[in-house]
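Working notes, beginning with the structure itself.
In this document, chain identifiers A, B, C, D and E correspond to the written order of the chains, with residue numbering beginning at 1 in each.
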């Protein structure tokens, strides 16, 4: 197996692993579009990074962080659903970024290139970063699992039982933002957003408890990575979309399975 | 009513809550001590749920003072529960969420008469079953204070009495304070130490025997309540002295 | 009265500037590298289109995002890909594997200005249009076209001379957009990394590149517009030289068409020749 | 019990429902005629809501036959209601959704004792207030069949009797059939024409006086039910003959 | 005022007008990302249109239609939230489109350019199309308003009261798909998706009834179009993003207003 494929596999499996449980939270908490929104706010971050001439990675990080905090703040009033809030933030940050670019007109710079990676271009350093982040986030998830689940089941019950709801919610957003920001640069935004929600959605019908769903989602994600890369190798499909298609196939399969079982 | 030595768990003083330009709660006072059962009664929209949620700090109050014993462990049973169907959750997993073991969860379900629901998805439960599971969950907190918002709502005839009995049992077993909201005057009066009669403000408050004699109480609940209490009295002392007192005026709709 | 001429991309403006009169305005609409997905017209852009006397673009296949804005300007449009007399590279000529690369038409390489002959065709067409628009200056325009053609003849010869030494050296490009240059000068393009900058290559193709590039090529060319980390990595791994090509003259340093082409040729010859020894 | 001329509105024959490998409803029979009040009773999880939702075609049945009078106009009051907070909806607008005028909406609210809630957001209502509004909405349909799933759940003491009286009134006023689920045996027995006692299957069925004597009924509800009925009997005939029959066994938890 | 500005204004106002009520449904029914998903399935449509050599507009229309129907089908099982379903469809169709392109390799064509319009490039014919579609959709909305609202408030209640729930739901999807497909080609995808949800979200806090919210949303949308075009004129910002920013400003304003009124 060529080395680049091994690196892609390593990076993809790392992302799929951590995207399993995180994606479940995205599905449960109706944050399916968190990834897309992050990508747009990252674009805004790059733009301001260019204007202020600061380190672009730092600018992206700050942009993503601010987005997560803005979302937490907006969620306080429960009048609007999370997907609406994400839509507002996503489109507003994108528009702001586009206006800012046109004003400062950095011209020939392809902003997207700064943001989005390709899983087949993974380097050894990328793999190490991904696995370090995945290990950290996984540890944090395990540590916070109970309160995270508690606020997802019922916020009021959790609060009464002594969970620091907004702290835990903010932590979840930040963990998710961290994973998306890193994965976006390595495997691309389409792949990370898809790996978050499609395996989790596929796992829903096959699970009876949250933990089962998280593990199943990771497994489906990992299989999709392997299957997608294989398809890319056999039929020469672009790797990212091939993995997403494999995950989509997994979802269709889970639909069929659960229909059969009825 | 309760020994002076009992620890104060929560206390509301002159608590007022306003929302959307309306005063939902007007200078309400309330205290719950360890080992005490306090029952909130009052008509619909009286602000019972509001008061309880304010005490639990799920809502902000606009005026007044709130004391909570530091580090108070609370078991709460909300009036309604909506759980997203995208979350796969069996009753067992729901109960063990708070840290209880499976054995404890099973035992708690047995006590609330719902042990056969252990493996069922939480979202598929019937109304009364949900109440039983919620009560089981509240027990599992090993609470110092049990807050129950209409706990037997939708529970069947046999279950209502059994659950109230269970609550009374728990108070002795755990030594916890209980703050209860209920419309079943006949069932709760028997076990309650303090009744708080709410209608935006606190109308009257005290031992059931005091409260039922209070003019404010009679005005709010009138003779219908008396009729219900009659039943409880039957159970309790098997004296028939109140049976004849029922106001014939109210039988027209029966 | 001076003319206002708008071109879609900078290389076209460079050609146009050779033909237009002193006071004629030549403006480029889009900076290169702006993602058309996120591109939105500004008022000034829109006004530019309205006020222009002539609009120069390659065609909808290349500047797809301009298709719609230019629709209402059909009468002042000069669509270069439709010109007669252009030289088109032969489809898949220098390609050796099983891709179904398309024939002339919707799949053709649209970077047609990279062939100096085509630049002359463009210049002639432009000269005629300008002459129509300003008959008074017609003679002047035609004279400039001839001068440009002569200059390009010299340039062509010089490049031919420069590149003939490296004709046999195999190389790969980042995206398959140099066919006009490569075919015209008979260079030996072995492969490309991706078909367009927007399309990422598949694993199979990457593997294929790894398998044969090392043996057949000495140089891998990247571009300043896209994230070409992967390509540079690949070059490093296969012990190929890597150098940058700038076909859109994004680089401020290229101020004339001749310079654009010259720099391109120099990039090719420097990379290909240097690696000959090593 | 009801005149033969009364039109058949809905009829379920041998209706069975299975979900998740469990039989929720086993060959249930039920019929509701115009002008008739049919009450479904049974313990929690008996399948009452399931039967009603199947009759309303909100759930699919697995076996059995279902007849519905063609074009039947139904007013339905579900056991629980969850409305998205992103929808701005006052009580008034909620009531006029089905086509009623504002005046009609106001009148219906008055009848259910909730006229002060007209302008309030639906999502901010208390539990009992929500029930009253839902009942008002069901009335406004000008229904031929009124289907009420625990209509007085969470309603206060005075409201419970008043709402049952209202339901009885409506039956005469609109001539509609009523299919009711309730745990308040003492309050519903008085007005019911037919009681259907459900526990997965139909245990017994008939006029209240028949049913309460049925062994299957006694097994399910036992003496506690009797105690509750006692109260109703008090209201009704002011005879004290049942007071003494209350089983002392059950007074331990009171 | 230059003619192109008049045309842009006319198109923008038409879109804003119809996006008001439709956007309310998107916010209420958690379909905030319907527009994005449509854009991706349109891409798939274009790809297949190129493969099968059929009319591209027809292919896009078919793609959008199929998407709407797929969503209706998936919504039947209520286990997954609409935003998750939209995410799955969106990423799957995009991936499928990308793979299909790479397989048939229609070469160097930038498909996005086929799909997305720019409000400053509006032609007279566009304006007529937009207003015809807006009039048709508005008429359909008025005609279907009651059942639409009924199924949005509570599907079971609506069904019992004799509303054909799935027919009405499908109709809503198709109306929304129609508006998005047309508007996407004229004013661009960013603008139509943003005009759907941001004005509706801003209107939420200012309204007490659904009708109020729909009308307020249209008004906010129309003001955003005017304000955005003005900003674009004054500061030479790109027009689409400027309008989105104006709408976002409206949202922030509505937040401030409702906080003040408390």
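Observations, loosely collected:
In the analysis below, contacts are C-beta pairs under 8 Å (C-beta built on N, C-alpha and C of every residue); 3 or more make two chains touch, one makes a residue touch a chain.
It should be emphasised that the depicted structure is a prediction, and the values quoted were computed from it without experimental measurement.
The chains in contact with chain A as well as with chain C are E.
Hopping across touching chains, the smallest step count from chain A to chain D is 1. Each chain gets a centre from the mean of its Cα atoms; the one farthest from the centre of chain B is C. Compared with chain D, the chain whose C-alpha mean position is the greatest distance off is C.
A separation of 48 Å divides the Cα centre of chain B from that of chain E. Each chain gets a centre from the mean of its Cα atoms; for chain B and chain D, those two points are 24 Å apart.
Remark: chain B and chain C have CA centroids separated by 79 Å (rounded to whole angstrom).
In chain E, the residues that touch at least two other chains are 27, 79-81, 84, 98, 102, 190, 204, 236-238, 240-241. Shared contact sites, meaning residues of chain D that touch two or more other chains, fall at 84, 86, 121. The set of chain C residues that touch two or more partner chains comprises 37, 40, 42, 199, 202. Remark: the chains found to touch one another pair up as A-B, A-C, A-D, A-E, B-D, B-E, C-E, D-E.
Across the interface of their complex, chain A is touched by residues 31-35, 37-38, 40, 42, 199-207, 210, 224-227, 229-230, 233-234, 237, 248, 250 of chain C. Those residues of chain A whose C-beta lies close enough to touch chain D in the complex are 78-81, 84. Across the complex, chain D meets chain E through its residues 53, 56-58, 73-74, 76, 78, 81, 83-84, 86-90, 93-94, 97-99, 119, 121, 137, 141, 147.
Contact residues of chain E toward chain C in the complex are 2-5, 50, 98, 101-102, 105-114, 116-118, 120-121, 123, 185, 188, 190, 232-233, 236-241. Across the interface of their complex, chain A is touched by residues 84-86 of chain D.
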